[in-house]
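Below are two complexes that have chain A in common, paired first with chain B and then with chain C.
Up next is the complex of A and B:
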């Protein structure tokens, strides 16, 4: 079963991004020194405020190991205040996930400006490292 | 202030109606003393192009940089890591879309001269800019040596970021300041500037406008960054020709245009100044459009004294953008008004409707105010709101697809791939991709070389056995190509197909050395695109049959100016 994938060092965490349209394109040229490109896949939403908490649960349910949500920094939202709603919502969401037994490190909410491609890259790499330590997400994953 | 300015030109004109000879342009630019060197890079967007670019900027710490290429926003995102690495600050680097302005929208004789003029404007702007150093100094900066405490800025700031300090001078609260520049435009002594919008820069920019040497009137157009500049770009992509000597300057908001700049421009010999701002009420930064109009009214008297016709300066409100919008299902809406509390734009209205025999209050969206950010959709407890551009089902479908790598395909789905004339071939295995896609049940998979040109689309249409219901386009930089392709598709009767676009270049950049992995990524991207089906600007292309409103307005304005005759100050 899943233990095998846990043991093998080849296991790559599946990182899902729900990314604001005004965040940078995630295809920044990765450094050759990075340990391979993490298995990061993303969908784009018009604004971080558009993200329904349901999406996060769905991603975990379908086998994501960590979820990243990005929006513009406070005060710079393209839609004036969408990111504030996101912030409030995900504060609660993190608490709920913790209550349910999911490590809080599996949900990342970050403010990344459209010009900060480098920062997005670092965040994703950092995420990959931390989640690798946590191991795969087994609590939620639907058995297919 | 940069001691020298370098110009980087990118070369890609496969589909352009006008051709620009970059060699001759380089020759001409080299004669300019302000420019230290000119480089031509073939396809900046490619991996080789980027490598060349990063090598080029390595040794250029002190100088300014003008990058003249295509879709500047996309490129900006891709090239900025290289620029940051060598320590060039953001202010000393300008990207400007030469492809859009000179190749797509220019219909005059002298394209070389026009391109040269535009580059010169950018260069002269860079020569004046200062390195603010602290890049985090994001708010408006006041020059206290000039300030006369008139408090105009306090009056007009839309977010009340100004307060008085102990000496009675205005002071900006950097946490509140949204950098709209309305105070820059309001200041009667021009002592306020934004880190990237100094009055000195703008006025040198305006003074260096020369035109392309023909007798067409020179028009200066201010575009606001959030709304009208992207809208103008899209208008160009759809095939609008701008007046020959129209020069565009980007400002954060129409409110940031100081009246002194306009009178400056007219006395510098420019025939007409056009403020291309938002229509009433749709200004994102609040108050900007209203203030700009009011200032123009006040300026009229001054202009009359200077013996200028009032018509030379005009405000043109861009018709409010019709986004996809949010649809409320009246049967589900329970009238809780959560949407009204969260809506950032006050777009929620309440109406009374008879539903299932009962009279109830349900909400509706004011389509002119709604900008489809989707905040209400995410907060709606009953699931009645759905944004049409990205519904919950679409997003969840996409999430499922990227998590599980499977997608439902039917034989009526088609994929059109573009290998950018073979340039993508080293990074992505197209044969493999084609095989994989056909195996997974895509009805038709077509590989083309120049999707950006109209002739390719003609070929695509002949290759289809039957008209597909959904199509995925895998091509390069998607931003403006998307709208440009729309017109082509219409011309070859593929307009009725629902198309989704995905960017293959982006995928190839992730794995530049590993062809297999890049191909797998592309496959996945195509899956996601099919699952999500986000339609790009569907609403706009519907009414593109006749002349668009913008085309009409801009032509009317150009005729007014040419009827007025040249600016009397021009000769002197």
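Up next is the complex of A and C:
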């Protein structure tokens, strides 16, 4: 556990991005010189369809406050149809987690085009703002 | 009615075993208490008198067929409406072939809720299980042979066969349009209460895997929770890992759950597991079109297909 999370007054949300490596926006998720950019970490997957629902749960277990999944927009998948299957799966996953008490603002699924690096940055900033209001995530969190 | 069905069951069992058509017959027998009718496995002609059927034969026998996956002899199994959907489930998942099975459909008059037993020594009146009041498929949807004049109906129907009158008197299927009531009630809770509730359930969970072992949709040869090599999960029964297990189980059976309610029945600590499954079924019906698993052998489950025009972002 790092010191940041021990001090509740200075709590910063931890955002995990599960990002399709074929949408080139993964290459420019953040600018380290950007002041106040949220604590955002990327996990590259070959396709949004490769994202096992357990990856999301694992992120929440390990202390993530919100998870972002991005893939290519429908019709532009590198593997033709991966994101169509992913779309159905994440629809279910979001609603199930919402049923169990994880607010829908904590699980983002966004289709971001290869040319829209800025959109990813904006999404992450937007997520951080909303999650800050919600506070830390409690369900599924690993406690030792 | 139950007497007649039991006699018919024994007759067909005798015929099948004496002609060596099947190697094993899976049915029910009378248990040690008046409210217990556990599964029975009959391989010997002399044991057919063990077979018994009454309104406590709630066990879904479909899952036991997995033990006969590699058997060279046919297996006969008795099915009620909800069990027969489990059989379709297994055939559709390529766990079994139709030729390996002899499915015998029997009429169902609804099953009694044995958790409501007050006096374990003397039989008394009991209410029906909720799932039977909400039942939409009281008749077998698939069967090779039938007993008790029941019809094989692969669509939503009213009870048929010799127990139809009793079933109607017990109000089987009268609440079928309100089956999501419990889920909707839980859905209305604020997030903090939901978190407290599900964390409490996660703390109760023993990770006995009874829910997994009884489920006809949970039929992987090797379950990820049996493996010690998966670094992203743990076999320890810790609250966070139990929540992980519950969500994983629900997601793995999403779109394939036949709503037999066995997971919730076998849970020793009373976690409402069916509410997770029903929540997913509700989403599937609302978002991807109405779908009931285990009815049609040809129709692929909703998560194995897609439509181009659907809402894209969540």
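The criterion applied here is as follows: the second predicted complex is superposed on the first by the 123 of 144 C-alpha atoms of A that agree within 3 Å, B and C clash if a C-alpha of one lies under 4 Å from a C-alpha of the other, contacts with A are read in each partner's own complex, and residues count from 1 in each chain.
By definition in this document, a contact is a pair of C-beta atoms (placed from the backbone, for glycine too) under 8 Å apart; a residue touches a chain by one contact, two chains touch by 3 or more.
Because the structure is predicted, anything quoted here is derived from the model rather than measured.
In the superposition on chain A, contact of A:136 is made with neither chain B nor chain C.
With both structures placed on the common chain, the touch criterion links A:13 to neither chain B nor chain C. Using the contact criterion defined above for the overlaid structures, shared-chain residue A:38 touches neither chain B nor chain C, since it reaches no partner.
Of the two partner chains placed around the shared chain by superposition, chain C is the only one that A:91 touches, whereas chain B remains out of contact. By the touch criterion defined above, A:71 lies against neither chain B nor chain C after alignment on the C-alpha atoms of chain A.
In the superposition on chain A, A:103 contacts chain C only, with no contact to chain B. Contacts of A:81 after superposition: both chain B and chain C are touched.
When both complexes are overlaid on chain A, the residue A:58 reaches chain B and chain C alike. By the touch criterion defined above, A:47 reaches chain B but does not reach chain C. For the contact definition in use here, the residues of chain A common to its chain B contact set and its chain C contact set are 54-55, 58, 75, 81, 85, 89.
Against chain A, in their complex, chain B makes its touches with residues 47, 50, 74, 76-78, 80-81, 84, 90, 175-176, 178, 226, 284, 342, 344-345, 371-375, 377-379, 387, 389-390, 392, 395-396, 398-400, 402-404, 503, 506-507, 509-512, 517, 524, 528, 532.
Residues 53-55, 57-58, 61, 73-75, 81, 84-85, 87-97, 99-104, 107, 109-111, 138-143 of chain A touch chain C in their complex. Per the touch definition, chain A reaches chain B in the complex via residues 14, 16, 18, 24-25, 27-30, 37, 41-43, 45-47, 49-52, 54-55, 58-59, 62-64, 75-76, 78-82, 85, 89, 114-115, 117-118.
Contacts from chain C toward chain A in the complex involve residues 183, 186-187, 191-199, 232-233, 239-240, 243-244, 247-248, 250-251, 254-255, 275-276, 279-280, 283-284, 287-288, 302-304, 306, 308, 310-314.
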